[in-house]
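Below: a set of structures, written as C-alpha cells.
First chain A sits with chain B, and in the next complex the same chain sits with chain C.
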Partner chain A sequence: MKRFRGFVIKEFRHIFRDPRTLAILFGLPVVMIILFGYVVSNELKNIKLVVYDQSEDPVSRELTDKVLASGYFVHVADITSEKQIDEIFKAQQAKLVLIFDRDFEQQIMNEGTVSLRLVADAADANSAILAVNYAQAIIADHFRRQGGGVELPWQVNGRSRMVFNPELRGVYMFVPGLMALILMLISALMTSVTITREKEFGTMEPLLASPLKPREIILGKVAPYVVLSFVNAITIVVLGVLIFRVPIIGSITLLLLECLLFITLALSLGVFISSAAKTQQMAMILSMIGLMLPTILLSGFIFPIDNMPVVLQWFSAIMPARWFIVIVKDIMLKGTGMPFIWKETLILVGMTLFFIMMAVRKFKTRLE
Partner chain B sequence: MSVTVEHITKSFGDVRALRDISFSIPEGELFGLIGPDGAGKTTLFRILVTLLLADEGQATVAGYDVKKAYRKIRELMGYMAGRFSLYHDLSVRENLEFYATVFGTTIRENYDFVKDIYSHIEPYEDRLAGRLSGGMKQKLALSCALIHRPKVLILDEPTTGVDAVSRKEFWDMLKKIQREGITVLVSTPYMDEAALCDRVGLIQKGNLLAVSDPSELELSNGTKVFRFGTSGRPYDYLQRIRNLDAQVDAWLFGDEIHVFTGAGVDCGELDRTVQSWDVPDLEWGEATPSVEDYFMQKMREEPE
Partner chain C sequence: MRVLITLLRKEFLQIFRNRMMLPIIFVVPVIQMVVLVYAASLEMKNIEMVVVDDSHSDASWRLISHFEGSAYFQVKGSLLSFIKAEDMLLSDGADVILHFPADFEEQLINTGATDLQLAVNAINATEAGLINAYCNQVINDYNQQIRSEWFGMDATGRMAQMEISTAYWYNPLLDYKIYMLSGILVIVVTLIGMFLTALNLVREKELGTAEQMNVTPMKKFHFILAKLLPFLLIGLFELTLGLLIGRLLFDLPIRGSLFLLFGMATAFLVVALGIGLLLSTISNTQQQMMFVAFFFFITFILMSGVFTPAESMPEWARKINLVNPLAYFMKAIRMILLKGSSFHDVAREFYSLLVYGTLVLSLAIFNYRKTS
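Moving on, here comes the complex of A and B:
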C-alpha cells in the first residue's frame, strides 16, 4: 500500500508540473463545452418571419403572437399577396412565411380542420427545416394547451422531441454528448500518453524490473486520472446547468456514479491503447482516431443513430459513448432512474470489465 | 555463485543476438562485460534482470532462476538501465524517494548505504533531475539503484556519455560498493575500463570470446604484440611495417602502432629490422596484450 501511495504521489507530481497536461485536463473541457454549446449548437434564434394573414381574425392573431412570443422569431413584415414571397426570399429579408388562409377561425369552428401554411427559404436546408419545426411545434403546442380538439397532422411528428425538450433547445442534446466526448478524451488519451511516456523515456524498464506488480503500475497510473476526470465531469455538469440551464431532473448521485463508471471504462481503454503504442505520439494518434472520431460520429452525439446504415448502427452499438449518452439524457432530461437505464449501465459495466481484463493481460511483466 | 549463465541463446527474428553464452560470477566480484555497440551486452543484461526471456539456456541471479523466480530477483537486484532512468520533472530527492518506496523502503532507512554517492548530489536535492549534468545524473541513477541494498548490482553501460573525470569517480564508487560485499556486473564499450574489473567477459556479435582476469588475456595462435612509438608521424611507418611479412600486421592505437606477429615470424629479425630504421625517438618492445589488442585480433580472424 505504501508502494502504491508513493506511485500515485509521483503521478500527481508529473501532472501538476506539466503545463500542457494541466491545460488539456482543465482548460480543454471548459473551452470545449463553451464552444460546442454556443457555436456548434444547431439552435436558431431570431429567425426572420413574414406573416401573410388573409383572415385577420382573433385566432390567427393569437397564433401569430404565440409564435413571436417564443423568442425564436422576429416579425419583419406583413405581406398582402403570395407573389411577394419570392421577392422577400430573394432579398433575404426573411426565412419563413406564415400564411393564414381566408376565414381561418370559421374553418376551425365549422369543419374542425384548418389549413395553415409555412413556407421556408430552403436555400439553407438545415435552418429551413429547423425553422419549420420550431413554428410547427409552437403552433401544435398552442392547440394542445387549448384542448381545442383540433388534430393537426404534424402534431404527432413533433411530439417526441417536445416532451423532453419543449423549447427544442440544442444544448440539451449537446451536453450529454459533450460529457461523453470530454471524459473519453481526457481519460483515455491522458492515461495512454502517461504510460507510453514511461516507455519512451526508458523509465518503464526499471519499473518493470522492480518488485512492483503490473496491476500496481496500472492502478497507480490510473488512480490520479479517476480523480481528475471526476472533477471534470462535475465541472461539465455545473457549466451545463449554470451557463446553458440544462436541467437535472433525475438523481445527481446516480448521474455522478454513471460518470464514474464511464471514466473507469475510458481509463481502461487508455491502458489498453498504451499496450499497443510505443511512443506518446502513437498513443495520441490511436486515441484520437480510435476513440475521438467514433465517439463524435457514431455515438448519436451529432448524427442520429436511426438514420445510419445498418452496418454503422452495429458499430455504434460497440461505442461506449452511445450508451453513456442515453444514460445521461435519461437522468438529466427525463429524470428516470435505474429501472429504465439498467440495460445501458450493464452494457457499460460489461465493457469496463472486458477492457480491464484485456489491459491487465496485455500489460506484460517483461519487455517483450 | 552470485550470477550463473548457462548456454544462453537469444534471437530477434533473423538476428542472433546471443549465441550459447556461459559464464559465472562469484559473490562479491566486480565483473565487466566488454564489447562494442551491438555486441549483445544489453540483451544479456535484460535476460539477467528478468525483462527478457532467453530462447535457450538457463541463468540465475542471487541464486534464483531468472525465469521461474523472477519476482525474488526483482527484490534482490539493483538495475541501472542504459539510459539513466530518472524522471526529469521530479527533483533529485523525489527521484530517490520514489525508487525507495517502490522497493518498500525509505531514504532514511538506507541513507548510510548510499551516503558516499548521494552526498555528491545532496547539495542539489531540490533541483529537477532533468537539469543535472551527465555525471550527476549518473550518480543519482546509481543511488536509486542502490537504495534498497541489493545483493547484485547490474549496470548497463553506466559510463557511456559521461566525462572522463566522472567516469574515474564512478569506477571508484563501484569499487566501494564491491567492498560492501555486493556483486557488481557492469557492461561498457570502453576497453580501457577493463583493467578496473576483477574479471572481464569479452563479447562480440553475440559470442562470448573470453572470460579472464584482464591482465592475463592471451592471444591465440602464439600471436605477440609489439608497441611502436615515435615522436615523428607514426602513420608514415604503418605501411612499412605491414609490408615486412605476410604474417605481420600493424594498427594505429592512438598515437602508437601495435604490431601483431603470427607464429611463424622471427621476432629477433623483426626486432633488428625495426631498430635499423632511422626513426626519431623510437620506442619499441614486446607488450602485454591489452583488451583492445584482443578484440583487434578477433576482428581480423572473423571478418564481417
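Moving on, here comes the complex of A and C:
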C-alpha cells in the first residue's frame, strides 16, 4: 500500500510540474462554457439589411421603419438598382434585401393587394431562412394591425409551453455536452498519452521491473486523472448554475455518481488506447480522431441525433458520451432519477467493463 | 538555398517514413467530410408527436390528420392521459405533446376561437423554436381551411392582401450541406496542418534530435522554413482532396476562381502552421503542446462561425475574431466557393492573413532557440 501511495504521489508530481498543461486543464472548461454560453448561438442578431425602395411613399417608409425597429436588423445601405444586389452579397455587406415595387401605396389603396419582395443571401441556408422568417413576421404583424387589429374568427390558437426550458436558453443544451467532452478529453486523452510517454521514453521498463503489480501501475497512473476530471466536472456544473442559471432539478449525488462512472469509462478507454498505440503521436491522433470528433459530432452535443442518417445513428449508439449526455440532461434538467436512466447507466457500466477487460488483456508486462 | 533543399528532403523522407502518415493524409479528411456533412445537419425532420385528445371531436381529428400529413411530423399515436404523455417527454420518447381540451370543438363553434395546448421538449432551444414554428404553420393551415370550408371566407379574411415573395440567392433549394461542407474544408486543412507541424517540431525537441540540428551551421529560418513548407504542401493537397470530394459527392459549387482560393489558402496556412510552430517553440513536451494547440484550435473553430453565424456574435467576440485566422479564412472560402466573390471582395481578409502570417512566422523564428 505504501509502495502504491508513493507511485501515485510520483504521478501527481508529474502533472503538477507542468503548470502550463495544468492551467489549460482547468481553464478549458471555463473558456468553453463561456464560449458556448455567449458566442455559439443560433440566434440571429444584427442582420444586415439593404433596402431598395422604388416607391418611396409613406407606407413603404413606415414598413422599413417597422422592420428596423424590431432590433433584429441593421440598415446598412439603400440601393437604386437590382443589379447592385449581387455586388453587395458578394462583398458580404448584407444578408437580406427588402424590395418595394413602384407605386406601393397606391396598389394597396386601389387594389387592396400588394406585393413586396425579400431577397436573401442563402449561402448559409439556415440563417437565410431565419432572417426571412423574422422579416415576414414583422411585416405580416404590421399589416394585421393596420387591418383593424381584430383577430380573425374561427381559429385555433396554439398555446405552447416550453417544457424543461421555458426561456429557451441554448446553454441548457451545452452544459451536459460540455461535461461529456471535457471529461472525455482529460480522462481518455491524458491517460493514453502519459502511459505511451513512459513507453516511448523507455521509463516503462523500470516500472514494470519494480515490485509494483501491473494493476497498481495502471491504477496509479489513472488516479490523478480521476481527481482532475472530477474537479472539472464540478467546475462545469457550478459555472453552469452560477453564471447561466442552469438548474439541477434531480439528485446531485446521483449526478456525481454518474460522472464518476463516466470518468472510469473514459479512463479505461484511455488505458486501452495506450496499449494499442506505440508513440505519443499515435495515441494523440487515435484519441483526437477516434474520440474527440465523434464525441463532439455524434453524441447529440450540438447536432440532434434524430436528424442524422440511420448509419450515423448506429455509430452514435457506440459513443459513450451519447448515453452520458442523456443521463446528465435527465438528472439536471428534467429531474428524473434511476427509473428513467437505468438503461443508459447499464450501457455505460457494460462499456466500462468491456474496456477494462480489453485493457487488462492487452496490457503487456514485457517489452519486446 | 542548398541547405534549405537538403533540409526539405530530410523532412519529406521523415514524414513519409511514418506509416501512419499516409492514412492520416488520405483517409482522415474523407471520413471527416462524409461523416461531418451528414452529422452536422441542422435541418429538422421527424418531429415525434404524441396526441392527448380529450375532445374526441371531428375538429380535433381533422387537425391531427393535418399533422400526420405534414412531412415534418411523425405522430406516434394517442394517449389517454396527459400524465402518460408527459412521461414520454421525460423519457425522450416524444418531442412535443399536442393536447386537445375536452371542449375543443364546442369552443370553436360557439365562441369562434379555441385553445390548443402544445408542450415542447425545450432542452435544445433551437430545436424547440423550430418545432414550435412548424406546429404553428400546420395550425394556421388548418385555420384557413376551416374558415374557407365552413364560412366560405377567403383565406386571409377581408384585410388588404399582402403577398411577400422571397428569393433565396446562391442556394435556391436551401441546401444546408454546401455551407457546412465549405466550413469543414477549413477544419480539415487546419487540423492536419497545424497539429502535424507542431507535433513534428516538438517531437524532435523531446527526443533530443533537435539538438543535433542545432549544432549544424544552418540558420534558424532555414530550420523553421523546412518545417513549414512540407506541411504547407500537405495542407494544400488536403484542400484539393476536400474540394474533389465535395464536388463529386455533394455537388459543392465552386463559383469563384480556384486560383484565388488557393492563394487565400496559402496565406491562411502560413498563419496556421506558423501558430503551430510558435506553440512548439514554447512547449517542451508533445503532451503540453497538444493541449495548448487543442485549446486554441477548438476556441478558434467555434468562434470562426463554422456552425453559427459569426456576425451575430457579441461585440467582444467579434473583437477576439480579429486575431482568429480561421474566421478570416472561413469567411473568405465561403464567399469564394458559394458566391463567386472576387479578390476585391476578400482583399481585407487576404491582407490581414498576410500581415498575420509574417508576424507569426517571424516570432516563431525569433523564438526558436538554437541554444537551450
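Annotations
The rule is simple: the second predicted complex is superposed on the first by the 246 of 368 C-alpha atoms of A that agree within 3 Å, B and C clash if a C-alpha of one lies under 4 Å from a C-alpha of the other, contacts with A are read in each partner's own complex, and residues count from 1 in each chain.
Everything that follows uses one rule, which is that a residue touches a chain if its C-beta (ideal position, glycine included) is under 8 Å from a C-beta of that chain, and two chains touch if they have at least 3 such contacts.
Given the structure is predicted, the values throughout are model-derived calculations rather than measurements.
Of the two partner chains, chain B is the only one touched by A:Phe7; chain C is not.
Using the contact criterion defined above for the overlaid structures, shared-chain residue A:Ser115 touches chain C, although it does not reach chain B. Within the superposed three-chain model, A:Pro206 lies in touch with chain B and out of touch with chain C [touch as defined at top]. In the superposition on chain A, contact is made by A:Leu333 with chain C only, not with chain B.
Between chain B and chain C, C touches the greater number of residues of chain A. In the superposed model, A:Asp18 makes contact with both chain B and chain C. Of the residues of chain A, those at positions 18 touch chain B in one of the two structures and chain C in the other.
Remark: chain C residues 20, 24, 28, 32, 35-36, 38-46, 48, 63, 86, 89-92, 108, 112-129, 132-133, 135-136, 139, 142-143, 146-147, 150-151, 157, 159-172, 174-176, 178-179, 195, 199, 203, 283, 285-288, 290-292, 294-295, 298-299, 302-303, 307-309, 311-314, 317, 331, 334-335, 338-342, 344-345 touch chain A in the complex. The touching residues of chain B, counted against chain A in their complex, run 46, 49-53, 70-71, 74-75, 77, 79-83, 85-90, 94, 97-104, 144-145. On chain A, the positions that touch chain C within their shared complex are 18, 20-21, 24-25, 27-28, 31-32, 35-36, 38-48, 85, 89-92, 95, 108, 112-129, 132-133, 135-136, 139-140, 143-144, 146-148, 151-166, 168-170, 172-173, 185, 189-190, 193-194, 197, 280-282, 284-285, 288-289, 293, 297-298, 302-304, 306-309, 312, 315, 326, 329-330, 333-334, 336, 340. Chain A contributes residues 2-3, 5-7, 10, 13-14, 17-18, 201-203, 205-212, 365-368 to its touches with chain B in the complex.
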